[in-house]
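Chain IDs A, B, C, D, E and F follow the sequence of writing; residue 1 opens each chain.
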Amino acid sequence: MSRPSQRQANEKRLVTITRNYTCHAEGSVLIEMGNTKVICTASVEDSVPRFLKGKGQGWITAEYGMLPRSTGSRMDREAARGKQSGRTQEIQRLIGRSLRAAVDLKALGENTITLDCDVIQADGGTRTASITGACIAMVDAIRSLQQRGVISGDPLLNMVAAISVGVYQGMPVLDLDYAEDSTAETDMNVVMDASGGMIEVQGTAEGVTFSRTEMNAMLDLAEKGIAELIEAQQQALNS
Amino acid sequence: MSRPSQRQANEKRLVTITRNYTCHAEGSVLIEMGNTKVICTASVEDSVPRFLKGKGQGWITAEYGMLPRSTGSRMDREAARGKQSGRTQEIQRLIGRSLRAAVDLKALGENTITLDCDVIQADGGTRTASITGACIAMVDAIRSLQQRGVISGDPLLNMVAAISVGVYQGMPVLDLDYAEDSTAETDMNVVMDASGGMIEVQGTAEGVTFSRTEMNAMLDLAEKGIAELIEAQQQALNS
Amino acid sequence: MSRPSQRQANEKRLVTITRNYTCHAEGSVLIEMGNTKVICTASVEDSVPRFLKGKGQGWITAEYGMLPRSTGSRMDREAARGKQSGRTQEIQRLIGRSLRAAVDLKALGENTITLDCDVIQADGGTRTASITGACIAMVDAIRSLQQRGVISGDPLLNMVAAISVGVYQGMPVLDLDYAEDSTAETDMNVVMDASGGMIEVQGTAEGVTFSRTEMNAMLDLAEKGIAELIEAQQQALNS
Amino acid sequence: MSRPSQRQANEKRLVTITRNYTCHAEGSVLIEMGNTKVICTASVEDSVPRFLKGKGQGWITAEYGMLPRSTGSRMDREAARGKQSGRTQEIQRLIGRSLRAAVDLKALGENTITLDCDVIQADGGTRTASITGACIAMVDAIRSLQQRGVISGDPLLNMVAAISVGVYQGMPVLDLDYAEDSTAETDMNVVMDASGGMIEVQGTAEGVTFSRTEMNAMLDLAEKGIAELIEAQQQALNS
Amino acid sequence: MSRPSQRQANEKRLVTITRNYTCHAEGSVLIEMGNTKVICTASVEDSVPRFLKGKGQGWITAEYGMLPRSTGSRMDREAARGKQSGRTQEIQRLIGRSLRAAVDLKALGENTITLDCDVIQADGGTRTASITGACIAMVDAIRSLQQRGVISGDPLLNMVAAISVGVYQGMPVLDLDYAEDSTAETDMNVVMDASGGMIEVQGTAEGVTFSRTEMNAMLDLAEKGIAELIEAQQQALNS
Amino acid sequence: MSRPSQRQANEKRLVTITRNYTCHAEGSVLIEMGNTKVICTASVEDSVPRFLKGKGQGWITAEYGMLPRSTGSRMDREAARGKQSGRTQEIQRLIGRSLRAAVDLKALGENTITLDCDVIQADGGTRTASITGACIAMVDAIRSLQQRGVISGDPLLNMVAAISVGVYQGMPVLDLDYAEDSTAETDMNVVMDASGGMIEVQGTAEGVTFSRTEMNAMLDLAEKGIAELIEAQQQALNS
């Protein structure tokens, strides 16, 4: 069995990270995982949502969207339909949860960082690319808060990155593109931090159930891929 | 460390399953997992959604809701607010996906079974109780289709059940109630079928990441709990 | 002419009232009128809507819903459709108005009691059963406010109950079930208090108009039925 | 006790009916009951709603609105708020039901008449004025269908009119204006047809319950008022 | 080429302005431009929108609507559809902008005037008639603020009026009615003040582009028409 | 008076046009006007909206959006708010109208081209940049229809481009950036085609009215700027 992209089972796609992609946001990153391209911006506000008022802590939240023609056939624009799909809401809840795991909300003070992840071109793995890219934009936003003297300590606990794994034609594989994702037997998204701790695991069988053995093989691939992504994040932040 | 409920780490709550709980639906089940109580009904319609028209297969879909005062403090009624929350949509997508894994949609013919899971009392684990209860209601609905001669084969592939596991004060535990769930370090929902195949795994770290070792311990507990639930389902169906 | 249920013209269905039906609400009642089953909960909040702020009085309000498969064929879930139907709004306005007539809002202090009436099984008369059941839940909520010392006096003026009457095949009858209701010439809902005062009368001709004589016969039946319901409420509260 | 308007207890306000008030609709009536002014238009469509397709009958439906500044203080525009209030929906359901009682839907053929009742100035009794005015607009629309040869028989069964009655400072009174309506102990809307048959009775106690005796006195007033309104309708149609 | 209405190219329709058309609003005008009839009311509130709080200035805003059967065939009611069309929003933004140009918002103090323009009969030019009529209603509302002593200076800078011009069958014409508007090659709405200053110009080619020469001819017509309308406004205000 | 950007009054910003910017759409253009950046995609569908079914013609329509942090401070995401603002609707109606003027809809056959204009970075003039960029994407989509043999003739009538002009500190200027636009006395958007025909003129006074002389000066600037943009479009299409 070979993969449509001819990649090795444990080979992820080429990652390209462009910081300061747009000019207004406190953090702005274009992340490309192969043909998947997502603009991740981090916006800082010096207040918190109502449910956190006066609790002496900050908040990290995320929103996700796809341009209508980021995909093979045009999707309805959610703003025109008047609501976000269940999928969109599920993804933006996942991104927000994952990035909150990277931050000490007390050390952030009563500030909110909103991460907007907008997919301009989709080829599988948009939610995991969003997490990986948004983490860098978030770090840039945190650094700007520090430089402006708004916060003194460092709320960043650990870098966070994410990747998808799956079982494709019986073979556990890393970083599925759309051609694989749309026919894979199992699709799993994994979020981890730089120390190897697990933050989210979401695995779904599509048509065929998966075994504990397959699950372990997928998690091994995810660990490898996430370590490489965290390396790429660090290089981008150091450049 | 002891659990608030004094249960053993691998001990699930008492399960009670009442079939034919209401009189109109083709399948109607009240499932109680301790103090969590969910009414699961299965409704049959002799048509399919537009995207499946003419494809010679059926469809399984789910909707989920909580009565406003099923919880400790009253929640807004989603019908009055005019939209379902992201959490609600995430849960009903999970229920639908899980139950589709139990069914051969071709053998169902061009029929739709809608599973309504309405929580009348909540004490943690409402989404997993919904899956476990809805599977029984779905079987009753499938049996009614067979008895009415609408379908000839048996679309049921395997019973499906679900349970939550987590890490509570450092200890992997089975079937968290609200007291545990609201303070657990990790919360994981697992859906499996009667043959032990995995259908969904959704694990989330809350504040502290989890390790591969903890993940394995949680999956062991889930396998045990789900086997017991499938036993309870069978007893209910045989009674 | 005989009724589908073989009941006498002036005979209401069996009423069963279960207090403390669910565990979280300040008042929680399952009321069954024959096959019609409604969960009525009363939730207390120590504030009032904006239009009453600072006026030294409380508020009683109601919401109503039907589980999608409480009826013979499945109805759309209002939360999924994104709005409550005109019928739902009409009913919840009626329930709220009726129960406010039972209470001295000044004596309630700046507290709000929200009555949620959720139909789990429908066989006609769901709005009147909701009023009769919600009144008991409301009394339990008022008693809890008194026991917690939040209010000193007694805001309860009078018990309130409701029943439907109609003209079925030319005969005035009490407490219509669905089989009668769906073909009756006239349908009338009556709300009264324990002293026999009238709170609401809503009569509608369906295809054939009704006369003053028929109206009087229906009101006589309603008076009898409501007196019996108030008796049943008292027994439930005393048990 | 005297009425704010100095009218006798059984004296209704001056009624003025202007047919052909606007030029596009098949029926267009401005009805004035004292200072209450409502534009009622009847629009004909040669089709029926989906639930009536192929059943060989027509449909009558109604919509109701108030201009934002038809009232003493400006109300939000429902189109801008994005939904109709419960009160609006209740009223338009009442208007539609009342006018369907005036028509043989079979004789109407597969045509729909939509009655739009838009209040341009409000001083109490807008829903009853809407019914009385819309009935005339509907007759004009039916006559246009007959003149165009679309229908051959006469679907009009009987003229329908409506008026409000109430108990004001202990005295049953006819046709309440806003000054009375806002402080009355009981408010009742009555819809009847030209033969004296009752179509709708909706009575509501506001703070004080009402007795059978008061109810009868109110219904006597309503019968008198509606007979006068039907007279006024006939004069308008004959002019 | 002659116009459907037989008017001269530079001849506008008959304008009729009725002040105090309804009784509740601080300003209420019925404006008729031929068969186009719009009720314009001005409502005063002693507060400003949130974005202006504490800035020591007032606000002018507008809302626009059409009765469903103001047009040749019935349109959906926007309140029932649950949203205002893009056209409606575009028009009400235009009306608000145009009238703000007539007022010194500082001199208005922290008061808001809301202009509701409701079309009861449409025959082309409803947005321009709305601006012309609303300006008079606004003046009446400003005068009432002055008479009540709420404001001392005069916030009115200049009267504002509007008219449509277009190219119809190659000929620049003034004040298009529906018969012309629906087939014109160019449609242009012009808003000016009493001193001849231009406030808004919105020209649109429909099928055929227009030239600078045609544009100038249209603007000449607009200047003439607006001067006549401002004359008519003054007469109405002086009567 | 000098411009914030130090540009000459008749000097537009640098224009950069990148074709094939994303990979899925039939036409995909990134247009940059200085710091304003808009992704314009053209999507082809082989059907038409309902109101054009069977009329033997095609349709061009447009949607517009801004990424939440395309601007200096983050805006709410319209998909999350559940509706498009009036400004958004106004702009997308303008884009659609403008591009329909460039096409012979009969020659397009029963196909629809949807133009999505998504602003990723905003610095004034986003609507005019959208029109200029979308026209190129539309041409690419039309060429793909011709290459696939779906249509035989050429529906493109003329290239269309747009630019903003205004009066800034008393001086007519071309192509306002945000610094100018936010304080200009007049803002005017002009759409023209390659033959110099005018398609749309939308001029708005902000605080100070404008004269016919200023209007003519602005239109002269617009003619110059649009000629240059059409030159740039041609170069991009030829490359």
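By definition in this document, a residue touches a chain if its C-beta (ideal position, glycine included) is under 8 Å from a C-beta of that chain, and two chains touch if they have at least 3 such contacts.
These figures come from a predicted structure and were not determined experimentally.
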item: Any chain that touches subunit F and subunit D; value: E
item: Fitting subunit B to subunit F on CA atoms, where both chains share a sequence, rotation angle to nearest 5 degrees; value: 120
item: Separation of mean Cα positions, subunit D and subunit B [Å, integer]; value: 50
item: Subunit A and subunit F, separation of their C-alpha mean positions in angstrom; value: 33
item: Multi-partner residues of subunit A (at least 2 other chains); value: 82-83
item: Residues of subunit D defined as touching subunit E within the complex; value: 22-25, 28, 35, 37, 39, 41, 43, 45, 63, 65, 67-74, 77-80, 82-84, 88, 114, 116, 118, 120-122
item: Subunit A residues touching subunit B - in the complex, by the definition given at the top; value: 83, 86-87, 89-90, 92-93, 97, 101, 188, 192-193, 195, 197-205, 207-212, 215, 219
